[in-house]
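Lettered A, B, C, D and E in written order, each chain numbered from 1.
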Amino acid sequence: MARVGVFICHCGENIARTVDCARVAEYAATLPGVAHAVDYRYMCSDPGQRLIETAIREHGLTGVVVASCSPHMHEVTFRRTVARAGLNPFLCEMANIREQCSWVHEDREAATAKACELVRLMVEKVKWNTALEPIHVPVTRKALVIGGGIAGIQAALDIANGGREVILVEKGPSIGGHMAQLSETFPTLDCSQCIMTPRMVEVKNHPNITLYTYAEVEKVDGYIGNFAVTIRKKARCVDEALCTGCGECQSKCPQGKLKTSVIPNEFDLGLSRRPAIYVPFPQAVPNVPVIDKEHCRYFQDGKCGVCQKVCPAKAVDFTQTDQVVTEQVGAIVVATGYDVMSSGEYGEYGGGRYPDVIDGLQFERLLSASGPTGGEVKRPSDGKVPETVVFIACAGSRDRSHGVPYCSKICCMYTAKHAMLYKHKVHHGQAYVFYMDIRAGGKNYDEFVRRAIEEEGAVYLRGRVSRLYQKDGQLIVKGADTLSGQPVEIAADLVVLATAIQARPGSDALAQMLKVPYDGYGFLSEAHPKLRPVETNSAGVYLAGACQAPKDIPETVAQASAAASKVLGLFSMEQMEREPTVSVVNERTCIGCFDCERVCPFGAIEHREIRDRRGNLLKVVSHVNEGVCAGCGACATTCRSGSIELRGYTDEQVFAQIAAVGV
Amino acid sequence: MAKALRTEALLDFLRAVQQDARRLVAPVEEDGLRLFRAVDRVEEITLAEGNTRWSFKEVLFPRSEALFHYRLSGGSVALQEPDQPEGETVVFGARPCDAAGLAVLDAVFAPNGRPDPDQAPEHEDPFYRRRRAQTTIIGLACLEPGPACFCTAVGLSPTGTAGSDLLLTPLPDQGVFLAEAVTEKGERLLAAHAHLFTDTDDTKEQATRAAEGRIQRTALSGVGGPLATLFEAPPWEELAARCLGCGACAFVCPTCHCFDIVDEGNAAGGSRCKFWDSCGFALFTAHTSGHNPRATQPARFRQRVLHKFRYLPERFGVQGCVGCGRCIATCPVNMDIQEVVAKVTG
Amino acid sequence: MANVYLPYLMTVAAVRDETPDVRTLRLEFQDESIREGFRFRAGQFGLYSVFGQGECVFCIASPDTRPGAIECSFSYRWGGKVTSALSRLTVGDTMGFRGPYGNWFPLDAMRGKNLVFIGGGIGMAPIRSIFETALDQRAEFGDILLLNGARSVSDLVYKAETEAWIARDDITCVKTVDPGGETPEWDGKVGLIPKVLEELAPSATNALALVCGPPIMIKFALESLAKLGFGKEQIYTTLENRMKCGSGQCGRGNIGGCYVCKDGPVFSAAELEQLPPEF
Amino acid sequence: MSYAYFPGCSQQGMAAEFDRSARSVCDRLGIALSEIPDWVCCGATPAHATSHLLSIALPALTLAKVKDADAVATVCAACYSRLRIASHELREDAELRARVKEAAGVECAGEVPVRHLLDILCNDLGVAAIRERVKRPLAGLKVACYYGCLLMRPPKVVAFDDPENPRVMDEVLAAAGAECVEWPYKTECCGASLSLARPDVVCKLANDILREARDAGAHVIAVACPLCHTNLDLRQADVARQYGVRYEMPVLFFTQLLGLALGVPEKGLGLNRLIVSPKPVLEKLAAA
Amino acid sequence: MMSDTFEPKIVAFVCNWCTYTGADLAGTSRMQYPANVRIIKLPCTGRISPLFIMKALEQGADGVLVSGCHPGDCHYTAGNYHARRKYTIFREMLHFLGVEPERLFFSWVSAAEGRKWADLVAEVTDTVRRLGPRRSAWGEPVEGIAAPRLSANPVPFEAPAGTFAAQAEAMREKAKALLAGGEVGTVIGYEQGTLPGTARPAFVSTPEEVDRLVWNEHCHQNLAVYAARKPAKPGKVALVVKPCDERSLVGLLQENRLAREDVVLIGMACHGVQSEGALAPRCAACQTRTPALADPVIGEATPPTATADPRLEQIARIEQMAPAERWNFWQGHFSRCLKCYACRAACSLCTCERCLAEKAQPRWIPAPPDGAGNLSWHAVRAWHLAGRCVDCGACSAACPADIPLYLLNLKLAQVVKDAFDYEAGRDPAAAPPLTTYREDDAQEFIR
């Protein structure tokens, strides 16, 4: 019979007040297999733990039951105590006689009786516990970062600077993401290009970082420490090695004559045009153009080929094909960023009908020196400098009827910035801001907004815009000013909608590929909002930036560094240590129906062939990949013949507890 | 002088016997099949021809019984004998084949005094011995043996007396049951209810010839010897290819006596249970290491045949099969032991 | 009439790990009267029970010349329900034992003869019972040779006793491990039991051989003994089979017509030859 | 498609011309309207302002009488809104059905869909069919189509077009040859039932609408609701008095304009019943 | 609480991440609730097996509560979805067997719902207290309640004249061709039984032996039971299959127990088979009388009749009984069970190398054929065939005690059809119902 030690804690008065701990200890001593039972005032205190350690050594205990608080509180503590005394930590169980007994049952008699039962349950269970050693899984100490925005760049640099190799994959022709499109950034108004371009170059030149641009992740196999990622590098039709970035091809491309070109420039959100062979923006990294096959005359009707002729470095190669590469990585950071809801979604604000109703990102391009108007604020319709600009906050966010009930968090700040920058550019201009509430909770944020109002003279009107219509060249904005209680009507030259931040289209497909859950809006779900914000339920996959939820640049960079630290933490060990409570297959009785494989949410079940000595195949059975198994036990419940067991919650252990209730 | 019991007086006789005994076990109809049950009122008993779905073996060798109870408290264990009901059990309606089967059960469970000097002291099954002593068998001869019956092929008869304490043979033409007391228990039974019996000089020869005439199965005489040499014979493979490996044939058989012993209970205690087992199951002889002396289903069916037709006669001097035909009627795939033995030794 | 299935209550007096998955228990009868009266013969087996888990069969490993307590050695390598429960017992625990059952080694026939004892792995348990019984009356016998073999050093059973036996000068004791099973500090022989046996080449005249071990080992050992001139009746072994009642009723322990629990477990090689290949 | 026609109270009183023109238009376009026998008032705004049960029970009384018709046709925006919402709620809420049965003694589960004439013209008949039957296209006539605030709201239940920027009436009248102007006040409220309680508010709203229509260059305003018609047509005098602007903007029901285009004689369209006479505009048009 | 009122003993299986934490929250918030519940912690509802519920009832629990994360919250993404499907079926089975519905409780309690947990425990305790103690032990009949009997009114068997003979001849031709051509090593069909009016499986490996093969209304065994075994003779196996037998082959394909190309199917158009002298109940209303997968299909099937399946009426009768009556009805039948496992041996889908009934560590199903052992065995057997059984009738035909196993199989097949719109044996590529889930699976029984 096992030699179990039972240790009843008073927890000061918390347990002792309604549970007669002495009587429980007395009762425990009578249980079959219990070699030692004692109660003490504070079992988790230092003397309490020492009491357990000495008892283990003195009585040669083979199992320990600590009856005290919830295992969520001190299971780790007591398992460490037990380990110090030389007993395997998994031979220690806790009976929850505080949260689930003394605190919820006033009647002393009933509480004591129940405490006794809970102790008996755990004593019976611990007899069937087996010593378990942590599982060691080899780790490929190379990381993959998906998405080349500021989040991806920061994470890649941190990991690379941590001495580990990184593969950065960016879908577009250049890294930079949405931040590259911004003019200046709140609250310090430092120019986004100035603070970001050096980082982008650093990424390009960093020995530890392999950069794949114009490339997408197609398939992810494997598990934490051993991912095999298939990446498709789309054909740029320009050889990155040869191209010097001189820009000849762009200027000569017939499709590209700025005035006549019909191709909207995605980087400028359609406010400018670009040639068929293009670099999204001057500071692009890598500064290597890409041929847009839909609009290139060579690909559409076989004529032209001017870019190839003029290219001094002979870098243009129309025959280039997609390249598919497989990389072995140990961890993946998802930094795929966000998208802005298009102003066209807002019918009542004339979105999509009036050219001078634009969204925040388009206004950023107008403000940006590298933008379509060289930094001068000119309205898209006729290029006039607008004297009156109306900014409408919460255009799409916090609006259930548009399917975006959440607050996009950054619009209040960039709207104040827009009002301020507009004033800097058009001194005599007047900015109006319709808002519901101003959310400026960051460091120096509220001061920034106060400056926009008090120093830059932006008129903040608390109220919703009900209607907006065009009348002889101006946009009549009808709204209400709830503070003065008066309806308001403003004739504006330009209206900027602070539209909602949404998840990238296709983020759900990526999430399914990575087996990461995502919410109803397409944002990827973190493992725990407070305790594990940058981790996911899929071990080895981390999140950074707006792909997890709308957030500003400071928070994004913080998350990127956090994700990087998690990756570096994982890579700090040769072997990764994982909880040993995983499933194991009894290969003699498994018949290979693989129902377990169908129910395993983590794809932890593999096929293993059983061969006899001469090598001919006897049968194919299930095998649990201990690196991937999360210990949920769905397989153990589904297996009809009971051929797969979850360690820590084996059939024997549960059976013993149920049988103990029957006594 | 044979005794006779008027057909109408049978129920009175049985009611009287029931008063003296603890219980009267007899065949009744239940959910469309005929089984031996302890009857409340004698009217429930069915006297129709043919046999029950399985024999009254479980009156003496129950399908599951507790050998002892154990209580676990602290480090110690307390053992406790199971309580066994006292009092006479009378089994009525036992067909001659079933009654003859008792000889096997007696030989295995209560060898009482078979002198075997250099063997370790014989171990009897006390439970079986007590029940056997407190059981009286009133046999009922068969007039219309069924298609699966082959008692005559194994040297028995539809009107045989072996195993019964008192055998009643229905003589429909004379409207009586011919009563033959086979043992002193039978004598005592006749004496106790003498008023119901009258002397008669009728005999059962004619009934016996008629009944035996209905069995067309070929005799299996002296098969023990040839079977000894046929362990490796090829036919087992074909003959038993379709056997599914269940325990139906063993559990309906009046002579099968194999059992398993398991502890059932929980942390506070429980009981050690002995219950029916069958050599047909794969796990019957499997070692925990995975080695199984009888790895294939034909090997297991061979054990069933050899155990009945060679080992039991050789070791205990009793015929292992009484030809009741139940295993043939019950087997889902019609494994026919009489056909197999005939083919293997033929 | 006594309930034959009721085991004697035993207390675990000592626990010794022979190998990572073989353990020896020393059991004392809790009931005084039974302790005095209990007798058995080397070679007989018993049924050991852990209440709540069940019973299982193996031999009594202690010599029958030292009554009062018995020892048993068992392997729990295959994780059987009862053997695993036995492996969790600690000193002072209560378990059950009933027996003795079956026949025993022919001690009388062995008197005055040279004896060759061969034990393979856990098969060493029944051999030790008869071997130590013989040692307790050493004078009765001629030369005694003991060959204790195992797959590997760690699998060797009764290591301590074997050293003691090697130290004795009135017997020859040899230990061997299969090739590949040796360790750097191993001082015994390295070789399969049959090969070592042929090297030792004990003379067959006026000799008896007692062999126990896995079926493979017994098969080749018998061949080697035959080469050395041992007749079929000069060789004895015990059979290990799945048994439940111990008294020939549960119908489980038969090899052909022979009931291992009643006609065995000790058989001579001659008897073994008669049995059909069902073990 | 067979339609059970629900005229509505206004169309028997102050907006008789809407009903008369609607019937003539449908007649000309081959749309069979069979009036629901002894229909009752839909309860309009007062019903649902006072008691929710009443606002459902009244339409239920009528809807229950609709037998073997593909849909219920309505012309007035208020009737359409009330009937449509009532049948929607009856379909969704079994408990409500029970209470209505107990209160009004009728079993109605709102199976027959309720449609507005514009919806029928545009989506069932189709604009091309209308263009074919036009005899005298309203060439040169600039119309400001005014939908009012009720016809398309609440969108989930009643809308059969984009609630922010409806196009149905524009397309129907364009098919009739008119030129529908772009103007922002398509769905602004005209003050509806405040017409009696707060005429000053109605004048303010009417003035905005009329001004925007004028500024958009419209000759006439087309409406699809008797209440809107009253506030824009009847109140033009008050607007002139309050804001000193005489718009002389004729306000017609879209069925009247459509009737003209289809060649229905003016008498059949009840043009004479309008306060601001459309005659001058129409004559100028005919002359051009 | 030593008062004389009945204090129910309730076992609660809860998931560690949500409900256990919710219970802790009830503790930290000092919410009072009755002390009748003993909590057993599991990592996820996905790990809370119906066997636990059965064992708790067997050990005498008066009520069982199972609770975990709300759908969508599962820490392991899908544990509760799988569990929900299992409970949907297992709960219906226990009710059908006569366990009072008010003894089983299922709920979702999140880590933040301390109040919901406290109220739930109070409600469960109160409900079970009012229901009263268990009226009998697991597997024992309830005192003083007569076990209702179901009558079966058999339908006479008639097949169109001459069809059997023609089919038999064509089948033998095909078998001979297959054997002679060496395409298969063994043909498994039917041959005349040794008792009048019986047929039995026959293993034929040479063209000459083919003449032993017969085809008539007595060929009721499901030969697919031999499909998953390694053939004694080398070469492929040909099976003579009726449509219902073929459906069990679809099940075997779904569970990788054989490869389609390893077996040649001689499909027999079916006219229904005979059992106990009448048309087998399952054939009365059988709608698929022509094999779908078989390579050659021999003969024309008798068109299905419109008669309703008589067994459905029996199921309806059982469902109308009071729980105690239903309980006694089943204990009455199970009391005859000898645990000969013929039902398992005859079932073509029972292909486990070691059945759960033979798993000793731990022994979920008590081994002896007594009350508890029999009830647990028949509950687990029916449970393991839910969503897999193709109603081929082999188990009921093989049972020496005539236990109406088809009632259990059919009832669970109905539950799976209603709840998951799934029928066993139709599509080899379909995922078995208990290995997949839909997020909108019905869950009105979960609090």
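For this structure, a couple of remarks:
Keep in mind that, in the parts below, contacts are C-beta pairs under 8 Å (C-beta built on N, C-alpha and C of every residue); 3 or more make two chains touch, one makes a residue touch a chain.
Remember, predicted model here, so these are calculated numbers, not experimental data.
Path length between chain A and chain B in the chain contact graph, taken as the least number of steps between touching chains: 1.
Across the two candidate interfaces, B-E and A-C, the one carrying more C-beta contacts is B-E.
Measuring from the average of all protein CA coordinates, the nearest chain centre is that of E.
Farthest chain from chain D, judged by C-alpha centroids: C. Taking each chain's centre as the average of its CA atoms, chain B and chain D sit 96 Å apart.
Between the CA-based centres of chain A and chain E the separation comes to 44 Å, rounded to the whole angstrom. Centre to centre, using the average C-alpha position, chain C and chain E are separated by 48 Å. Centre-to-centre separation of chain B and chain C, using mean CA positions: 39 Å.
Looking at chain E, one finds that residues 59, 354, 360-361 touch two or more other chains. In chain D, no residue touches two or more other chains. Contacts with at least two other chains are made by residues 72, 75, 260, 262, 266-267, 290 of chain B.
Residue ranges of chain A in contact with chain C, taken from their complex: 1-3, 60, 62, 127.
Only residues 59, 149, 193-196, 198, 200-203, 221, 225-226, 232, 332-333, 336, 338-342, 344-346, 354, 358, 360, 363, 366-370, 373, 394, 397-398, 400-402 of chain E touch chain B when the two sit together in their complex.
Those residues of chain C whose C-beta lies close enough to touch chain B in the complex are 1-7, 9, 44, 49, 51-55, 77-80, 83, 92-94, 96, 100-103, 241-242, 244-252, 254-257, 259, 262, 276, 278-279.
Considering their complex, residues 88-90, 93 of chain C touch chain A.
Chain A meets chain D in the complex at residues 347-348, 353, 467, 469-471, 476.
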